[in-house]
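What follows is a structure written as structure tokens; I'll ask about it next.
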Amino acid sequence: MLPLRLRAALLSVLILVVFLLAWQGATAGFGGGGGGPATGMDPEYAKLMGLTATTGKSAMPSPVEVGRQLWAVLSDPFYDKGPNDKGLGIQLAFSLARVLIGYGIAVAVAIPLGFVIGMSPLMSRALDPFIQVLKPISPLAWMPLALYTIKDSGISAVFVIFICSVWPMLLNTAFGVASVRKEWLNVARTLEVGPLKRAFTIILPAAAPTILTGMRISIGIAWLVIVAAEMLVGGTGIGYFVWNEWNNLSITNVIIAILVIGVMGMMLDQILATVARLVTFPE
Amino acid sequence: MTQSYLSIEGIARRFQAPGGKGSTVFEDLWFSMNKGDFAAIIGHSGCGKTTVLNILAGLDAPDEGAVVMDGKAIEGPSLDRAVIFQSHALLPWKSVLGNVAYAVASRHRDWSRDRVRAHAERFIEVVGLKGAEHKKPAELSGGMKQRVGIARALSIEPKMLLMDEPFSALDALTRGTLQDEVRRICLETGQTVFMITHDVDEAIYLADRIVLMTNGPQACVAEIVDNPLPRDRRRLDLHKQPDFYAVRNHLIDFLVERSRTFKDGLPPDYDRRRPPVVRPAHLPPTPPDGVRAA
Amino acid sequence: MASKDTFRRFSRLFSGCACGRHRSHAEHDMAAARPAQDDAARYAGAVETAVVQALFPQAAHRRAFLKAIGGTGIAAALAPFLPLGAVTDAFAQGTGAIEKKDLKIGFIPITCATPIIMAHPLGFYSKHGLNVEVVKTAGWAVVRDKTINKEYDAAHMLSPMPIAISMGLGSNPIPFSVPAIENINGQAITLAMKHKDKRNPKDWKGFKLAIPFDYSMHNYLLRYYLAEHGVDPDADVQLRSVPPPEMVANLRADNIDGFLAPDNICQRAVYDGVGFIHILSKEIWDGHPCCSFTASQEFVTANPNTYAALLRAIIDASAYAQKPENRKGIAEAIAPANYLNAPPVVLEQVLTGTYADGLGNIKKDPDRVSFEPFPYESFAVWILTQMKRWGQVKGEVDYQGIAKKVFLATEAQKVMKEMGLNPPAATSKSFSVMGKPFDPAKPEEYVASFAIKRA
């Protein structure tokens, strides 16, 4: 018997192959894959029409087409043909920069504030209603308000990332801080450790695993939000890329963008997962 | 008696019960210790031993009264008093060395890294953990964890050591070795120790004076037993000491019977401020049935 | 922002001269004393009169106002309310040095934006000394907000939008102006293929129809068309605002039955075989305006020369785009991803007017879309009547005043003349929509004449 990991990998590959074959079959089914215009259509008229209308070609691209286009896109990721047409690498960099700024600010706000909330039952109770109301608001609901008040679409996108990714971190930090074991705090107290040092040497490491769980949820949200926000405000970024290709009804490029978004999101999550493993301690 | 090192002066501690009415764990509690004393406190579960210890540590404050140590009232936790917690309370993200060094660095803020490290290593060696410095608490056995706790407490060289049932979670063999070590270290350094225990033999082996606490609520110190056993007693032949059973029976008798009934029939000369000191030596009582006298 | 603006005007009142054109009262007085012989000064007077007329349409009120302000001068009295100086200056000093060379102009990727877009690849902006970046934008609300927020210096908007913004519908009232219309005609009603036998709007009850935006000619034209056929656009069908790019996808997904949309969207639906062109919008009103070139009054005030150069570039580009022989080349130029991101064959059909209708016929209509920039005030009046008719504005509407203030026909005349073009002599014209004549002088009567209305 092969080891479990190998068997799982084989199964994954098998699922992928079956999926791709099914996809290829479904999209190549009609029209026999090419040839002239459909019977009975005036050739002059056919020239004015797209392949979907003339050959019955599926609007959905086949995996081979996607693969070919993916190769084309990935082999030249950094071209710049004007403000509305840049390579996927550049778009991705724009999105990442926005996410990192918005998320960075969220971290800078959520962790100290989470400490305050976690350490003070008064603040915890006082702020709870606000957090509960603000937390479930969708990024797309924030967008018009941000655009209207901030008056800058780039900063608005960053703001929306901030406001949507701040809550899981805030709540997790507060929870992690509030549930630091009393005895560890007592250790610090008997050693006359000052409040600031106590926060950094006891509470932070003790709450770190919980905080990182929050940070992982938040980076996922931030990455979800950036795509939506960029689709809305446009300009640059992977979300704009999706919108621009949708605009052209280029499903192939939309699928490529979906792939890229998925892989990037996974990478961001993995980075934080690695950090989480570093700060997690067995008890 | 007036110039004692530590003196507990009429402390009381009350908790607010959820129903609204308060409950008094103990009140008007008096007790004192001399420098270099090893005192153990014995009493039934819930009588307030940990509460007393927490007040001595400064982690809790009495509702009435005060504790004076070395001429100063205790107003909060201090590096003068080290606590060995019942649940060892090691920081799980730090190694053995890290845990001890954390305490050392807190004690000596001006020391260099190397000096802190060397100091910590010395105390790790004292508790017999040399070689395990870089292990995390999760990789240690219960006994090893407790040793780290002891090393941490000793490393700050406190004026007083407070121990809350330090050995109760250990198996008999480990407990014995650790008791030996603690006794050795305390004798060598002349450490003042206040220890909570449920184990009568442990109290007799380690403590010079044993404080008997009545059942709560409104617990009080019934009496203080002056340990008649010689200072060079050894754990393995403790039971061969002539006064051993006298003390042991006295303590067990208290736990079984008098801790409950003591308050109902207070002796006429009982003074809360000066609980009676008894020394069950030289008065060999008839051994209880089934136990042969030595 | 509005308050900042107000503050600036007020501070100008106190620190500098009253009309805002001079640094001090002394300079103002000197300027006033000079004989008004140069063009600029005469022009300023005309604009001031026009604005007073706009503000006080009734002669009695106007006389009372003029009497009340006495000798201080109209501009001085109006300075707190309108940056009069700036409007006139923009055209009078239009040939001066350009204040801001690097500009950002927002557009929505539809063929209506052709002059704005093609002016970039075909070099019209640089010809007039400007370095313009044309930025594709995701939707009308975003174009509006980004222009209000000054991320864009000027923008492509649906022509009712600057009117709505100036009136404060859907946003704070911020004075915006339309010095040029982008395009005439160029829209179409497209229906899903399954409705190819339902060519009579009376059969459309229960349809879900999409329009690009509430404040759009598409909305007003579709409502007009439906109502003329006895279909109440609010009761008998469902109208939805859908961003143009999503229209074809929604049509394919059967979420909507059809749309009145800007072009290349309509032709794209045909190209993909999901819809057919029911009628072109010119069959509703031949010569209707659609999109506009728009800038905020604040931008005009701050950069009169830039604004004039920009306007010349747009008018120049429009004139070029209007010529049939250039259309094919334009289609090629604006097809890449940086601009419209659409198949050239689709754009060519829209721009040349030789197109597949989706039902197997090739149709020829060279006027499918036209690029005539002249912003007739009567266009704005008609738009206002429809806003009133469908309940977007309530109460009394100052039709002529708003139209004059937003649609800068007089100014366009001047610039076109300067450029050697032949602008229309009148700033207003009457026209008819589906055979029903519209008299811009009688807007209220026009609104009242409709059987189906919300007013």
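Should a chain be cited, it is by its letter among A, B and C, assigned in written order, with residues numbered from 1 in that chain.
In this section, a residue touches a chain if its C-beta (ideal position, glycine included) is under 8 Å from a C-beta of that chain, and two chains touch if they have at least 3 such contacts.
Note that the coordinates shown come from a computational prediction; the quantities given were computed from them, not determined experimentally.
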Practice item. Moving only from a chain to one it touches, give the least number of moves from subunit B to subunit C. Key: 2
Review point. Which chain pair shares more contacting C-beta pairs: A-C, or A-B?
Key: A-C
Exercise for review: Report the most central chain, judged by the distance from each chain's C-alpha mean to the global C-alpha mean.
Suggested key: A
Revision key, fill the gap. Top of the farthest list for subunit C, CA-centroid basis, is B
Exercise for review: Indicate the whole-number Å distance between the mean C-alpha point of subunit B and the mean C-alpha point of subunit C.
Suggested key: 88
Revision key, fill the gap. Distance in whole angstrom between the CA centres of subunit A and subunit C is 38
Study note, to complete from the structure: Between the Cα centroids of subunit A and subunit B the separation in whole angstrom comes to 56
Point to revise | Partner subunit B, residues of subunit A touching it in the complex | key: 181, 183-184, 186-187, 189-193, 201-202, 205-206, 208, 279, 281-283
Practice item. Quick one: which bits of subunit B touch subunit A in the complex? Just the residue numbers, please. Key: 57-59, 76-79, 81-83, 85, 87, 89, 91-93, 102-103, 106-107, 136-138, 156
Revision key, fill the gap. Within the complex, subunit C is touched by subunit A residues 41-42, 44-45, 47-50, 52-54, 59, 81-85, 144, 147-148, 151-153, 231-235, 240, 243-249
Revision key, fill the gap. Touching subunit A in the complex, subunit C uses residues 1, 109, 133-139, 141-142, 145-146, 148-151, 171, 245-246, 248-249, 252, 268, 270-273, 336-339, 341-343, 345, 349, 355-356, 360-362
